[in-house]
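Okay, so subunit A shows up in both of these, paired with subunit B first and subunit C after.
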Partner chain A sequence: MLRLPEFTLTRPESLDAALALLKEHGDAALPIAGGTDLVPNMKHGLFEPKMVVSLADVPELHGVEETADGGLRIGAMTTLASLAVHESVQRYPVLAQAASLIAGPQLREVGTLGGNVMLDTRCQWYNQTYFWRKALGYCLKKDGTECHVVKGGKKCVAAASNDTAPALMSLGAVLELAGPEGAREVTIDEFYVADGIVNRDVRQGELLVAVRIPAPAAGHRSAYGKLRTRGSIDFPLLGVACSFDLDAAGVIANADLVVTALQARPTRARKAIALLEGADTSGEGFEAVIAAVAAAARKQCHPLPNIPGDHEYRREMVPVYVTRTLRAALDEGGPVHHI
Partner chain B sequence: MQNLRLNINGDSVEVGAPSHWTLCEVLRYRLGLTGTKQGCDKGDCGACTVLIDGRPVLSCIHLAALAEDKEVTTIEGLRPLHQAAGGEGCDPVQDSFDRCGALQCGFCQSGMILSAKALLDEVPVPTEEDARAALSGNLCRCTGYTQIFQAIERAACERAGLEPTKPAWAPESSEHEA
Partner chain C sequence: MKPDPARYVHGTDAPWDEFQVVGKPHRKVDGLAKATGEAVYADDIQLPGMLHAKTLRSPHPHARIRSVDTARAEALEGVHAVITGADLPTKYGVIPWTPDENALATDLVRFIGDEVAAVAAVDEDTANRALELIDVDYELLHAYLEPEESLERHDPAIHPDNKKGNISKHVELSFGEVDEALERAEAGELTLIEDDYTFHGTTHAPIEPHCAVARYSPDGLLTLWSSTQITHYVHRTLSAVLGLDPAKIRVVQPCLGGAFGGKSDPFSLEFCVALLAMRTGRPVKMLWTREEVFYAHRGRHPMKMHYKTAADAEGRVHAVDAKILIDGGSYSSFGLVTTYYSGQLLTGPYDFPAYRFDSTRVFTNKPPCGPKRGHGSVQPRFAFEVQLDEVAEAVGVDPIEIRRKNFQGEETETVNGQRITSNGFLECLARVEEASGWRERRGKLERGRGLGVAGSMYISGTNYPVYPNDMPQAGIQLKVDRSGVVTIFTGGNDIGQGSNSMVAYLVAEELGMDVAHVRVVAADTDLCPVDLGAYSSRVTFMVGNAAIDAARKLRAQIVEAVAEAWEVEPARVRLVGGRAIDLSDSERSIPTREAFQIAEVRFDTLGSTGSYNTPTLGGDYRGGTIGASPAYSFTAHVVEAVVDEETGRITVENCWIAHDCGRAINPMLVAGQMEGSAYMGIAEALMEEQEVNRFGLHRGPSLLDYTIPTSFDTPELHALIVESVDPEGPYGAKEAGEGPLHPSIPAISNAVYDAVGVRLRHLPFTPGRVLKELRAARESRAGESP
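So, the complex of A and B:
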């Protein structure tokens, strides 16, 4: 049995009240949305707040609405289960599919989009009980000075494990944040940084309010692929988000390919994208393009032994999942996974 | 310590518990509702599944205070709620699990039945694929799941007046305690 640390729970009823509590209590307070990641992490002694601020009753964080420019604005407290089936979200298959594959059914009922965007990085040397971590002398990310993934490593390489992050990156999403200094906006590309300890450009006392996605082009195609040990519950061993626009002649434009669960930040497969851009999907040469895109993605992706699952196997699965996800996007199918 | 006002299985309950306690802990160690099982205790296994406003949720990682103002249903509530709604005997999902022998050690069964109940309340006649997806967050180390999916099909078919494709494990004539 795993006990939570003692804390007081507060339930502010407005965004201002929530921000005021976080400002007043500083490092001693943590916000909780669905808690599906924070609660196990607190049970493992990874976070020991004195106050937990529930965002459940903050109306500004709820709701999904279409924006004036035809895009979508999704409140941070939108549950993953409702996101996956929301009618407006189906215009962005990569996001609906990624949400539908996060964790298991009970976790998606409670877990939120905001929580997944703000998800802590994961590592097999970090997501363990206090007893387990203590026996090893801890690690760089929590309480220790040594990295068990990269011997002698001075920079934490815990893996970005949120499925919505690569999906939102491929859609060009913008995050609306609110904090003690006021509101600000940041593109999701700039938001994630290559630091496993905190891989998000989030400032003290700041909350994610909503995620905005621009309108999809008429020929928008996208899909999400996820590799994991079981067909449910597990975090990704590898995640592939693929998005592009297809014109009437079957030529690809605005291609994007983002691979996650390798390192601290989702990786944009730039050389693969360059090969995809302008490719004619109706031509005979497209099979060769797919093979070249998959090979280029493999070359750029270097999974580390940071999360469970053999990292060499995970690397060999990069071209497999890139190929399958690309084909799924083209065929308006997906998601790519297994049960 | 805080005073929680919970609605459990149709009853309003006022109970004192520390604010860092999970719903699972309050159910088991304050209210004695030990039908909700504490398995992995960190949101992996599904043994602690309860229904909150009809949706399956893991009580071991759900703060009890956040279940206030909501309807919580545990395994203990299925039979009385079924009878309060005019039914006889236990809930048809429980009955089907029983008739199909959908358990061995029984530890996962409360969570399995509640996930199945949430599915059947939402989808009148689920396919086996629906059932596999809906129960994918509940782990069983004994049964191999075969009879569990059989039980769900049987419960759905019985309600819809259809013939199940697979025979029930137990003979139809088996005695049932109402």
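So, the complex of A and C:
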């Protein structure tokens, strides 16, 4: 099998100790949560840390609690399996559903929310072995100068492939980060940037501590849709997070629609959202609204041949998955998944 | 001269009135060891002082090696030896007529991943570091990535020694009056369906990667443990390439984690660990990564097929005419046979009055193709069974009915001269028709849901050993212990299909023993008589017959000795339930152990040998023996598929698999083979694709990117065993491991047609392709309507 590079494993028992290790070792250190992404990436030679700092024993990163304002604070080390079934998380169907569809059952037992939020972008020219990438002559994201997705491209377009990212964006989540300069908070919208090399606004030595989600409105509706080849294991070929509030009359407010696995950053489908906002779901005209929303999302979403598979097909699936996810949210159903 | 084939026919009846072991769902003899982790696979072998070896591979799809400099690698601390193509210059190939492989490239590299050098070091990391220090100077050559280009262009040649340029093999055979039927079709007397079909490349993806361990003893004996399914051919090829006396080589196959045809060539790592062990005097292991397994490949050949079928108004087929372009990848492997099989194995279960095929295999700069479950015949079967559905539609006959109408019958001969013995195809059709509710449901389900049928046949071993000889194809040796244990020594390769269990059941049956008292020692060239290996679905038929042959000789001795001791006629002595009993005196019975001891007193140390060889078969023309088998299995599937017309995704909900395996020696294992075969076929149709990108790089050599179905993606598989009881099989048994793959792929296409009216002729049936076909159909309908 592929070999891991040599490294030292440390297991700090407090957040301060973890931050101190990261500060001390700088670029040579990387944090590891569940390792379901980092370990294969290390085997592919994409990361070669001399020190791996395990977050397993850091108590500050664990636990799920309801906040004073009725929202939720989820520790970064919360496993995806427990997140998917946690009672408090069920108030946010889009998040519970997205977590339930990440990877496969065994991986969800190990993989964490923090790890998924911090997931490296993916690309068919990047997530390959060292031998493969060397035969290719490498790529823009790692060790090379040329992008093989966009000919002559100067900006890496590796795809955001984390299912929780669009879900959390649609819920208005805030990230709590801790670093050598102290703690800071950033909205998840600001956190993701359109750069495939590193699509996260994360500073040297910083750790994700927790994810905070505001309280859901009484009429909160949301759902997640995921396109992938198999019924399990695979990263998204397309992910659609849909969230809105429904008033007693069936009118939509606070709509959000975020599509992922297209490019480096999850895409907020702004024109589609504008069409959704204020729409009356009880009226006859709503079918036309859905069609218009789907068409607007398709127009805005441009999957690139970054991740494996047929990108034209992924584009064709944007309106289908937007429509289905929207309906699922409205019907309090979902997730939208072929199995 | 081959001996009289009658010698190998043991009859189909139970040895003692009714079967004691055969036909019952016994546990596999190695089942517990595998389930508990006790089983020893090649990578579990650890020897004192063992070194680890790694392979340097070509980063170019086609290049000439100007020079290889290993000095820096050799200087690295911990490196014990570095070898290159110059150390192993002898070419080899599993088919002796096409030796075009080197263990390590001598002058040309022919695909990304081709082996160039190997290093043995104290550990894997050191070996990997050493690979980085080997300097290879390449002159890049034009790379052929499309088979059509290899037909047209031969400069540069992928194999400069090949007289036919970049053409690996061409076979054209014609039987009956094909042109006459096609002319009648042209004149409107017959219906003609003509179309193109595409089969993509797929690979085996066994869970165990290839692994080999070699030890070279001070007395000059080389032992190789390898995850191979062809111990005997590896033995012969090692001898030839290393220039060693075969008497100085022992090859052992440890427990093996899946092969499916992907371990039936001699592979580079076997020669490399052997030579590295000889050079260093220390044991050497090489375990390939998953990526390397994808490069080693030898999987299903991509084929571009053009078929014409002429049929009359009743749906009777009059002629079939096929032209096939086969993408062989970079080496010959079994390609000579593949090219013949692409035509020779289509001539059943239907009667073709006239048949012609013209198959051309070309070299390309891609991982080499070879035999994968259903070698050479899965692709044409897909094309023909879809075309037969089109014929059925054109003449207005039900798809199951048209298959019945064209049934060739039992005890017959195919148009290309192959002898058919037992043939349970009609019962297969009846079983899937009944189980699927075909009559009530087909053509009547809601839009988006459909049923499709397909049939097939496959060989139970091939008449022709890969190197011509008249020695037995299979041998068995039995050793009897005073404890009551019988040990079977078999050269057969158990690759998970259960062949070790199978011989244990047969010997237990013949000797009236408990299976638990039978031990099996297999696939060790020092200990076991030769068997040609686990390929062509030959093992149950051939090794099974050899096992009965050996057990029957032993049985005769035991019965005779006990009869003498009891002073009764031998006919009164029966071995059953672990005892020898007197049929006329219920008081008189002894444990088998005592019977063995009585026989040992009478005949001295007990033991026996048994053999099987094929009768002389095959058509009287060049290539006529390729595809000749002592018995053929037959299969019919009905698939129930649902098509999501918005996403293009096909979901196979049910697959009814009726398979004529002659006799189910262990119905549980037969059902397992049927389910596994259908699973694999459905996987190829819907998900799997082995392909290179525009650089010649494998698109995704990992089990994340090469998607094989998970349990979520696996339909309900209904195994319906049909037992035609073949006159020459062991108790009537035929193969079950490969035949049941074939119909699943065309049956999906045919079910999709029933569901949404679209003919899928090009694999794989990805959702994107299905959507395109649906759109084309809508556009053509819109164009037709006013």
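In the analysis below, the second predicted complex is superposed on the first by the 339 of 339 C-alpha atoms of A that agree within 3 Å, B and C clash if a C-alpha of one lies under 4 Å from a C-alpha of the other, contacts with A are read in each partner's own complex, and residues count from 1 in each chain.
Quick note on the criterion: a residue touches a chain if its C-beta (ideal position, glycine included) is under 8 Å from a C-beta of that chain, and two chains touch if they have at least 3 such contacts.
These numbers were taken from a predicted model, which means no experiment stands behind them.
> Does subunit B (first) or subunit C (second) touch A:316, or do both, or does neither?
Touch status of A:316: second partner only.
> I'd like to know which partner A:308 touches here: subunit B for first, subunit C for second, both or neither.
Only subunit C; A:308 stays clear of subunit B.
> With the two complexes superposed on chain A, say which partner A:135 touches: subunit B (first), subunit C (second), both, or neither.
second
> Touching A:124, do we find subunit B (first), subunit C (second), both, or neither?
second
> Looking at A:56 after the superposition, I want to know if it touches subunit B, subunit C, both of them or none. Which is it: first, second, both, neither?
Only subunit B; A:56 stays clear of subunit C.
> Would you sort A:36 into first (subunit B), second (subunit C), both or neither based on which partner it touches?
Touch status of A:36: first partner only.
> Determine, under the contact definition given at the top, whether A:102 touches first (subunit B), second (subunit C), both, or neither.
In the superposed model, A:102 contacts neither subunit B nor subunit C.
> Look at A:1 in the shared chain and tell me whether it touches subunit B only, subunit C only, both, or neither; answer first, second, both or neither.
Once the two structures are laid over each other on A, A:1 reaches both partners.
> Where on subunit A do the contacts from subunit B and from subunit C line up?
1-2, 6, 104, 230-233, 339
> Where on subunit A does subunit C make contact in their complex?
Checking each residue of subunit A against subunit C gives 1-3, 6, 104, 124, 127-129, 131-132, 134-136, 227, 229-234, 308, 310, 312-313, 316-317, 320, 338-339.
> In their complex, what parts of subunit C are in touch with subunit A?
So the residues of subunit C in touch with subunit A come to 57, 59-60, 112, 124-125, 128, 209, 287, 289-291, 644, 646-649, 651, 687, 695, 697-702, 704-705, 707, 709-713, 766-768, 771.
> Write out the stretch or stretches of subunit A touching subunit B in their complex.
1-2, 4-9, 11, 32, 35-36, 39-40, 43-44, 52, 54, 56, 81, 103-107, 109-110, 230-233, 339
> Touching residues of subunit B toward subunit A in the complex: what are they?
Going by the criterion above, the answer is residues 2, 18-22, 38, 41-44, 46, 49, 52, 55-58, 61-63, 65-66, 115, 132-137, 139.
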